[in-house]
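Got some structures for you, see below.
Here come two complexes built around chain A, the first alongside chain B, the second alongside chain C.
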Partner chain A sequence: MNKEILPSGQSISIAVLFIIGSSLFMGVTGRSGNSAWISLLIAMSLSVPLMFVYARLHVLFPGKNLFDMLIAMFGGIAGRIISCTYIWYALHLGALVLRNFGEFSETVALTETPMIAPMLCIGLLCVWTVYSGIEVLGRSAKFLLLFTIMILFLLQILAIPKFEYHHLKPVLDSGWGPILADAMGLFTFPFGEIVIFLGVLRALPGKGSAKKVFFSGLLMGGGVIMVVIFRNLLILGPDILSSLYFPAYVAVSRINVGDFLTRIEGSSAILFVTALYIKVSLCLYVASIGVAKVFKLKSYRSVVLQLGLLMVYLADFIYQDIMQMQNFAYHTYKIYALPFQVFFPLLLWIVAEIVASKGKQKESAP
Partner chain B sequence: MIRLGRVLFILLSLLPLLSLFGCWNYKEVDDMSIVAGVALDKDEKSGKLLLTVEMVDTKGGLQQTQAGFKILTLAGDTMFDIVRNMISMTGKKLFWSHAKVIILSEEIAREGMVKVIDWYSRDTGTRSDVYIFVSKEKTAREILMMNSTSESIMSFELAQMMLDERNSSTAPVVEIWDFIDKLESSGKSAMAPLIYVHRADGRGNERVSGTAVFSKDKMVGMLSGTESKYMLFAQDKVKGGVLPVDAGDGHPVYSLEIQSSRTKVRPSWIHDKLQIQVDMETQMNLDEVMTSNGFTHFDAKKAIEERAEEILQENITNLIHKVQKEYHADVFGFGEKIHENMPSTWKKINKDWSNEFSKLAVVVRSQVTINSSAKTTRSIKIGD
Partner chain C sequence: MGAFVVLAYAVIVLLDPYGLLKRGMKRDFYVCSALCLVSFCIAFALSMHWKVPSPSPVIVNLVSHFY
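Then we have the complex of A and B:
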C-alpha cells in the first residue's frame, strides 16, 4: 500500500474548512442572543485540552491512524467494535452535513427540486475526490480555503454599512446559563468534530505536525466562525437571528450597496458548498479507511462508492423535516457526540500513556 | 469483445446527457406574472382578506416604451391561499421577488399585522426588502388603482419615492424586515409611513406623508408629516429635509436645509427618576430668507441658529409628550436604549413598558450649526 502524504499547509486547510463547514450557514444556536461570541470563546478554550490529547495520540502512535490505534490498544475484537462506532459516526456526520445542505437548497434556493438531487451531486463529487486519494482532497482544500476566505472578507466589507453596533449591548443579557449551554453546543459542533481528523493522522508527516494542524485549525476556524457570528448578529440583531434557519443567508441578503450591488446571497451560497464538500469528503474518507481496516481490505477504494451512496441515502431519510434537523443539531447532538469526541479518545490516550510508560520501564530495566 | 466494450462505452457516455436537460423547473419570463406591489384590504361583506396585486404586463411587446400593468383582486382566508388561488385568474404563477411595496388598509393595520406579514417574511419566493405602507384612504387598493391616471406602474413609482424620501423626511422609510425587527424586539415600537390620495383641482395624486404608529402589532394612531420629521429627528434617522424657521413671531421666514443630524439618546437616573436625554447636533444650510431685513450681518446667523434650536426642542418635546400620552407606543426606541445601558433596570420595568414609557421624563437638547448661506451673503436689499 503506497503511503499518502499531506503537507502541513494542505492538512491545515482541510482542518479549517472542516471546522467552518456547516457552521457557515447553520449559524450558531440563538439562545445566548447577543453573547454568542462569549460562548464561542468558551467553546474554543474548552477545545484546547482536547486538541492536546488528539495531538498527543499522533506522537504516541507515529504513522498510525485512529483505527490502527484502537485495534492496537483494545485488541482485535473490542478495538474493532469501537472502530465500528467511529465508522458510524463518520458516516452519520457526513450524512448530517449533506442533509444540512439539502435542506438549505430546498428551503432557499431550489424549492421545487427534490432534496436528493443536489445532495447526490455533491455526494458523487465527494466519492470521486475520496477515490482519487487524500492528496487530491488536500490540494483542493488549500485552493478552496483561499477562495473561501477571500469571499468571506469581501462579504464582510460589503456588510459593514448594515452593521448596527448597538445590538452588542447589553453584554450577558440573558445570563450565563444559555451561554454555557451554547458553548457546549459549539464545543461538539463544530470543534469536537475534528476527531474525524484522527482518521487521517497517518498521512501527516513528522512528529509534531499534528499539534500544528489541530491548533491552526482551531484558531483559524474559530476566527472565521467568530467573524460570521459578529456579522450575522450586527446585521440581524438577536431577536431576528433566533427565528431563522439559515441566518447567514438572510444576513447577506440584506447587503445593498447603492441599490446596485444587491441580491448577492445566491452567490455567497457557493461558500457553503465548498466548505461542505471538504467536510463530507473527509468524513467519507475516514469511514472508508475504517471499513478497510476493520474488515482487512486491501484498499479502502473498493468501498468508497458504496459508502458514499449510503451516506447520500442516509442523508435523505435521516430527518423528516427541517424542524427535526434543527432540534437534533442544537439539542440532541451535543450529548450524542460526546462519547466519540471526548470519552473514547480520552480512554485511548490514558491506555496508550500507560502502555508507553510500561514500555519505557522495560527498555530501561535490563 | 472489443466492439461490445465500445458500444457500452458509447451508451455510458450518453447517460450523463440525462442530467444535462438543464433546469429542473425551467420557466420562461412570459410564464410568470411578475408582481410589482400588493394592497391588502378587508372584504366588507365577508370580512375576509382582500388581496389586490399589481402586476407587470409582459405582453407589452417591443413597440411600447413602457411596460404595462394589470390589477387583480381576490378574497380569501389566508394570504397564501389567495396568492395561489390567483393562478385561477392569471393562469400563471405569481413571481414575487421583484415586488416593491405592500400597502395595508388602516382597518387591517388596526386589527393586527402579524397575520398578514408572516407569510411574506416566511415564504421563500418573497424578499423581505419590500416597502410597507398604511393607507389613509378607505381602502388600500384605491392607491394601486390610481395608476389608471398616472400611466405607469404605481408600485415602482412608490419605491422610487421611498429612495428620495431622505430629501424631505416627512415619513419613515420602512422595509418589512425592519418592521418585523421592531415587532420582535422589546422596547421599540413599529411604525410605517402613511399613504393617501392628494386631491387638488379634481385630480388625484398619491402622496406619502406622515406616520402610522403601532403598539405591539396593532396600529394605534397617526402622526402628521411635520410631526414625522420631528420623530425622525428623535430617532436619529433624519438625512435631509427642510426646517422652516420663524423670526420669533410665528411667521416662517427662513428655510434651513438639513445637511446632517446626529441624535444621541441617553437614559440616566436623576433624583431617583428615570430620565431620557435626547441630544441632537444638526448641521444646516440657510437656503431661503423671505424678508429683506432678516439676515443682514454676521450676528444674524447666531440668532437664527438659536431660534432653530428652540423650535426643534419645543416641537420634539411636544411630539414625544403626544406619543407618550395618546399612543403609549415607544416609537423612539427609548426602551431599547435603557435595555442596552441599564440591563438591571430594564429587567424591572420591561413587563410594563408601555405604561412606564408614558410616564418617562424626557429632556431634549438641540444644537444647530449653520454652515453656509448658499450663494448669497445677505438677504435681498431693497433699494429706494
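Then we have the complex of A and C:
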C-alpha cells in the first residue's frame, strides 16, 4: 500500500476543526460565568508546552505514528497494552462526540427521530471517508474549514446588533477558583484532545511540520472558540448561558435583522455537523490504525466498518440522558483524559529523549 | 427490528469479513470477524431494547476514586 501524505494546509485544517469540534456547540459553560474567556486564555497557555512535547515526538520519531512510537519505546507487550488504551480513547472520544450530536438532534432538531438514526448517518459517512483514506479527510477538512470560517464570520456580523456589552462586567466576578477549574476543563476538552493527532503523524511530510500543525491548530482553534464564547456571552449573558445545553444554537436563534433575516440557527447547526464529522472521522481513523498496528494487519481498512459501527452503538448506550452527558463532559472528563493527553505522552517523550541521547553518546564514542 | 439487524449483518458479513477472506488476508479476516461478532451482539441487543451496560459509571467511579 502506498504511503499516505497529508500536506500541511490540510493537516492544519483537520487540527482546527478537530479542536473546535464539539466546543462550537457544547460551549464552554462552567462556573467562570462572564470570565470564561480568561479560562480559555489560561487553557491555551497551558496547552503550549504540551504541543511542544507532541511536536518533539514527531522530530524524535520521523515517519512514525503514536502506535509505532509506543511499541518502539516500551516493547511489544507494554507498547501494545498502552496502544490498546489509546484505541479505546479514540473510540470513546468519537462516541462522545457522536452522542453530543445525537443529543442535539433529539433535543433541538429531530425530536421525534430515534437518536441512533442521525448518529448512524454521520457514523457511516465517517466510515466511508476513513475507508477512502486520510487524504480524502484532509481535502474535506480544507474545504469545510473555509466554509466554517465564512459562516462564523457572517453570523458574527449579523449578531452584532444583539450584543449587550454590560454582560462582560464585572470581570472576575466569581474569583480565580472557578476560572482555574474551567481552564483545567478547557485544557483537556478540547485542546488536549489533539493527542489523537499523534496517530496521523506518519502522514505528515517534513520532519518539523508537526510543530506548525499543532500550534496553528491551537491558535486558530482557540481563536474560533474565543469568538464563539464572546458571541454567546454578549447575546445571552452569563446566567442564561450556564443554564443551556447548546448555547451557540440559542444565541444564533436570537439574530433578527429587520424582521426579515430570522431563525438562521440552522446555519450554526451545519457548522456543528461539519466540525464533528472531521473529529469523528479522525478518531475512527486513529482507532483503525491502532488496531491494525496492534494485531499486525495488512491494512487498517479491514476494521474501519466494524469500528465505526461499534462507535455508533457505544454512542447510543454510553449515557442515559443529556444530564449525564453534561456531567461527564464537564466534570469527569478532565480527570479521565489526563493520562492519555499528558502522562503517557510525557513518559514517551522522556524515554525517547533518554534513548536518543544514549544513541548519540554511542555514536560519538571512539 | 431484530430480524432487520440480522439481515443487515448478513450483508455486512458478505461484504466485509468474507471479502477479506477471499482476498487471502487471513489475519485481517480473523480480527474483522471478532469485531463483527461484537458489533452484531450489541446491535441485536439494542434492537431488542435489552440493556447494554455502559462504561461511563465505571469511569466515573474510577475517577472519583482517584480524585
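Going forward, the second predicted complex is superposed on the first by the 366 of 366 C-alpha atoms of A that agree within 3 Å, B and C clash if a C-alpha of one lies under 4 Å from a C-alpha of the other, contacts with A are read in each partner's own complex, and residues count from 1 in each chain.
Here is the rule we go by: a residue touches a chain if its C-beta (ideal position, glycine included) is under 8 Å from a C-beta of that chain, and two chains touch if they have at least 3 such contacts.
Given the structure is predicted, the values throughout are model-derived calculations rather than measurements.
Of the two partner chains placed by superposition, A:Phe147 touches none, neither chain B nor chain C. Of the two partner chains placed by superposition, only chain B is touched by A:Ser243; chain C is not.
After overlaying the two complexes on the shared chain, residue contacts for A:Phe343 are found with neither chain B nor chain C.
When the shared chain is aligned, chain C comes close enough to touch A:Tyr319, but chain B does not. When the shared chain is aligned, chain C comes close enough to touch A:Ser302, but chain B does not. Residue contacts after overlaying the shared chain place A:Ala117 against chain B, while chain C stays out of touching range.
In the superposition on chain A, no residue of chain A contacts both chain B and chain C.
On the side of chain B, the complex with chain A involves touching residues 24-25, 124-125, 127-129, 163, 177, 180-181, 184-185, 336, 339-341, 343. On the side of chain C, the complex with chain A involves touching residues 12, 16, 20, 25, 27-29, 31-32, 35-36, 38-39, 42-43, 46, 52, 54-56, 59-60, 62-64, 66-67.
Across the interface of their complex, chain C is touched by residues 92, 116, 291, 295-299, 302-303, 305-307, 309-310, 313-314, 316-320, 324, 328, 332, 335-336 of chain A. Against chain B, in their complex, chain A makes its touches with residues 107-108, 110-113, 117, 166, 169-170, 172-173, 236-237, 239-240, 243, 250, 253-254, 256, 259, 262-263.
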